[in-house]
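In the two complexes that follow, subunit A is the common piece, with subunit B as its partner first and subunit C second.
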Partner chain A sequence: MAKTYDYLFKLLLIGDSGVGKTCVLFRFSEDAFNTTFISTIGIDFKIRTIDLDGKKIKLQIWDTAGQERFRTITTAYYRGAMGIMLVYDITNEKSFENIKNWIRNIEENASADVEKMLLGNKCELEEKRQVSKERGEQLAVEYGIKFIETSAKASIRVEDAFFTLARDIKTKMEKKLEASNPPKGGHKLTPTEPMKKPTSWLSRCTLL
Partner chain B sequence: MDNLLRDPNEKTQYDLYLQEIEGIDDYWGPTFRAIFDNNEHVEFKRKLEERIKHHDKDIERLCNVYYQGFIESVRELLEVKSQSKNLNNQVVSIDKQLQTASQAISKSGVELLKARKVQSNIAVVIAQLNLCLPVFITYSKLQKQISEKRYYPALKTLEELEHLHLPHVANYRFSNQLREKIPKYRDKIEAASMSDLKDFLENIRKFSPKIGEVAMRHTSEQLASDPTVIGRKKKRTIVHQDSNITFSEEDLSAQELIDFSPIYRGLHIAHVLEKVTNFEGYYRAERTKQARLVLQPPTNMHESEESYQNYIYAVLGFFILEDHVLNTGRGLITKVFLEDMWTMALSKITTALQTHSAYCTDATLILRIKDLIMLFCTTLRNYGYSVKPLWELVRELRDHYTEVLMQKWVQVFRDILSKEDFQPTKVLDQEEFEQILQSFPWEGDLPDDVSFPYSFPFSSMVPKVYQQVKEFIYACLKFSEDLNLSQVEVDEMIRKSMNLLLTRSFSGCLSSIFRSPHVSLQKITQIIIDTGYLEDANVYLDQFISNITGEESRSGTVGTIQGQHAMFRVAREDAVRQICEKLRQKLNEFLELETYDWTLGEPKGHASSFISDIIAFLQTTFHSFTNLPPEVAQVACRSACEHISNAMFALLMNSEIRQISMGALNQLNLDLLQCEQFAASEPVKGLQQDELLAYFGKLRELLDLFISWDWPTYFHDYAQETSKYKQVQPDIAIILLEKLKEGDRKNIFTVLNKSERDKKKLLETVLKQLRQLSVK
Partner chain C sequence: MPDCSENFESEIDDGKNKRLVKCKYCSSVILTPASATFSSFEYKLPLIKQNKGNVVNPETEDVLQFWVVNDMMTFYNVGFSNTVGSTKYLTCADCETGPIGYYDIPSKISYVALSRESNSYIIFHMIMLCNI
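Entry: the complex of A and B
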């Protein structure tokens, strides 16, 4: 069975309602932008296959509802995620402050070795900026994760963000494959495997 | 006597003879005979001699007597001769005297004669001149009249000249000349009157639009002052009062603006000249030509109201004038002629207006055109023209108007929908809350005390669309104004239009949203919900129309209610189809992530991740879309289950997958279990028990058969209703069995123990049996 891809990565977009998660995803998957705000209900996903260092990588990106009332539904998806984008709105102080809560959510629900990334969206609205780039960078350093400012509307660095996250996951996975010496040559690491890892991996987050 | 005196005897005898001879002049024979016979001739001769002597003596005596008298006479004659000479002298002298005396008299007599002749000549001339004078007077009058262009009197003068005066002076050469000139004058007058007519025609051609305009204004003023329509016309009246001030001098009736005298004059003249037919013919021909010109609409008439106005004014003016000419023109045009022309015109007007208004896409313009046509009709009717086709035209125009309105509202709906986020409407305070309830009649269960922010179940599009439908109804109504339609008709029309608007235009807009590639599930869901609310609100629209038209509401009848719920049926079906389609797309994306290892030795003990994801996604979706109408959710859920089942089945049957291990089948079984679990968990309310499970039934039977290797039962119960594996066709079983056989091949070479060999044998047997069944 010839698969059309080498790896399947599951990514998750989280963040407050209205920070532009769906728009970021829309920009990445369709290279388009929709001005009308439609808050996501429950959960949705998009799939895009990218080429990374000669490997075909299928990204299944889950777009979660930021609204509180869907929290129970969305947290169920944390577990399967291999990478999580934490998105805030640079023109919205509150959304930035809430990143802490989202991180806590991840720690509680996601697998410990999940790759994370901080996204400051709507960077085209410089005149309305409330959160400086420095504060974003500082917070990222604090959690030991990468940070990037994007604009879904102006199509700034959205691709970069996803590619960076995908590359990090890929590197980590390949490293792990080498270390564990898989028993069956043809068998690939299925996404479910990381889920089975012991929760002691949690400590790795802080190390990174 | 001498004889008688001689011998009486002898005497007697001879005397007798002598007597006889003397007495008779010529018949002397017998006498002589008698003498000879008696021999007496000698005697007789002597006697005769005697007798001759006697006679000579007598003659001699007589001559003696007369000679004396002669002499005396000559003497007397001489005497007279001298006397007459004397007298002659006297006469000559007197003559001379007279001659001198009469000479003067004779001279003056000649003079007198001359004078008398001159006098009589003069009298004759005077008499003749008296006869000629009127001719000249009349002639000069004629000249003057012609130069003053008073052709009709000129014509009369001409006639007088010809018949009264000229006959008296027929002998004169000038009279002949005049006589010859008369026809020329006539021609001249005719030509002049014709040219007058031409000028007049030109003039009225210029003027007729003005007349039309004035007439229309009068009609509208009349309508405005008509108490029966005053209510509707208030606005217009005000406008016209203003215009009255400015145009007060034009308050004449339309016809009074035009001087018709050239026509009457021309007609009189034609009458006199006995060329009425000519005149009539010319007039009619010209007017027909003009009519053709007038009826030719400007090419870009549909572009502005003004050009419509000009056209209608011109036509109206033309026919008002014709009507006037008919009434006053003494048969210059006949009723039949005018009617013919009107019929022709009517059809042309109708076509012209029809074609041009068909181009028109501006509802307001159509309304104005309608008003214009209506006024046109009324005015024409006032002048006695039949306008029936125009009414029909207005009706057609109404349809067109509705059509245009719908087009317009399609745009409105599109705008609304394009700006719509399809989220339940959220209000933050009481004011907004009231606002929504005011704009949209909703009888939903409102909580006793509303806490803010409050969410209505429908999106903001619902009140907006509701309002727009109302607007549309108003717009529709505008056309029916002054149309003199019955309430029932108006009511029917509005209801029909509104239904069309909602079922066709609005549904169309909705459908086009469904077709856009980026429409999300939740959008469609909200639209379905919204259509439900809109349908419920139909009762209020119904009432709304009834209030306007005064017709009884029809919401009570069963038919309408059914119609109501069918209103968006098509759109909703479309929506449901879209939901299923969207779901299927998502499911396909999951299914593409399928990572089956078909040669798997041992199952992993839990379901494949893509299946878990699918199930989780479906659960989340149906859980999240709590506001999705149950029947829609049911359809969607069924469709999803069917899709998954079919996809899994297709995987098994995929011809590209040649070998399948038992382990892989077991893994598939695990996945199927997961699906069945979902199907049994009542993910959507209102589904019948096991309804969803049924979709997986075929796959379940197939897997059961293979995993339990229960061939005896299969063959035993084959083709029976009660068979456990009745959905497993031999063909399918063959395909799967072949794949299993291929998958087992490797093992056959490595492990050649007895049980494996038996198993292989069994497999072959089963295959053979299946093939037999399959052939049947």
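Entry: the complex of A and C
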């Protein structure tokens, strides 16, 4: 069957328990009306198609299923990941300090060129804020990654965050393609090279 | 349930879905045209609304018509539930209504129930009329 997309990116959410990772990925729902079959068993991952500069991008976004509670995100979870959202809670100092530990965990377990982004979630809770926006920005600069404050509850900039991360991965990928396939005669060629069969990481994924 | 609807035939073109397959509740696009094949068989799909704590033995209904998707990456937008037995249930990626179908882990094939997507509401009403 004809491929219906140009790129396929596997994205993960990482951060302390309680910062709102599940809510960022899934719909924010108050526990009160969690009475449907699906909300009881929970959602594992989502597939979303977005359009970036005329390219169809498939995002496969995974939640940690609570593994982070034991501070042991396994190598299996990171396998094939091309983008990681590092999430902290702006009302929780500890979750911000732990970002450093999560970055170390990523360096030990994930592929070296995985694209990272820092999210300060729950930004609508201004009166409970413990981590200033400036500190978030500063940490991001330190690690050379992008930063955005979000609120899963108020639907603030969550989609922007995923678009930004996806765009950065795409840019990186197209640079790589160009480098391995240098245009002749000084004219920039658009990379028409089809992506490598994108099932490699999927078929290796033990969860499926 | 009497299967008195021939209406779904109009949704099929060359064995595939003629139109966009969307969520019945929020119109999120699940499949683009001609990306899934039609198949008819009987499957007991859990109802969307359940009594609390009914996950082990959920109430089900017989579903008879499906869009078959061989590669999960064909989906435009969709959610996959956590595993139950050898199955993951499919949901709308936006409003998370589900199950709208299921994914069979051993075969890696996904099935979207026609009765739980937008084009089906006519069929759905036909069946309701049949039941009266």
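To be clear about the criterion, the second predicted complex is superposed on the first by the 153 of 208 C-alpha atoms of A that agree within 3 Å, B and C clash if a C-alpha of one lies under 4 Å from a C-alpha of the other, contacts with A are read in each partner's own complex, and residues count from 1 in each chain.
Throughout what follows, a residue touches a chain if its C-beta (ideal position, glycine included) is under 8 Å from a C-beta of that chain, and two chains touch if they have at least 3 such contacts.
In this text the structure is predicted, and so the values were computed from the model without any measurement.
Novice: Could you tell me if A:77 is touching subunit B, subunit C, both of them or neither one (first, second, both, neither)?
Specialist: So A:77 only meets subunit B here.
Novice: Who does A:43 touch here: subunit B (first), subunit C (second), both, or neither?
Specialist: Both partners, subunit B and subunit C.
Novice: Taking the superposition as given, does A:129 touch the first partner, subunit B, the second, subunit C, both, or neither?
Specialist: Neither partner.
Novice: After lining up the shared chain so the two structures overlap, which partner does A:176 touch, if you call subunit B first and subunit C second: first, second, both or neither?
Specialist: neither
Novice: Quick one: classify A:8 as touching subunit B (first), subunit C (second), both or neither.
Specialist: both
Novice: After overlaying the two complexes on chain A, where does the subunit B footprint on subunit A coincide with the subunit C footprint?
Specialist: In subunit A, residues 1, 4, 8, 36-45, 47, 58, 60, 65 are touched by subunit B and also by subunit C.
Novice: Would you pull the subunit C residues touching subunit A in the complex into a rising list?
Specialist: 29, 32, 35, 46-55, 58, 70-84, 88-89, 91, 93-99, 105, 108
Novice: So in the complex, the part of subunit B that touches subunit A is made up of which residues?
Specialist: 419-423, 518, 520-523, 586, 589, 592-593, 595-598, 604, 606, 609, 612-613, 616-617, 620-621, 623-625, 656-657
Novice: Quick one: in the complex, what on subunit A touches subunit C?
Specialist: Listed in rising order, the residues are 1, 4-5, 8, 26-27, 35-49, 58, 60, 65, 198-199, 202, 207-208.
Novice: Looking at the complex, which residues from subunit A come into contact with subunit B?
Specialist: Residues of subunit A touching subunit B: 1, 3-4, 8, 30, 32, 34, 36-45, 47, 58, 60, 65, 70, 73, 76-77, 80, 187-188, 190-192.
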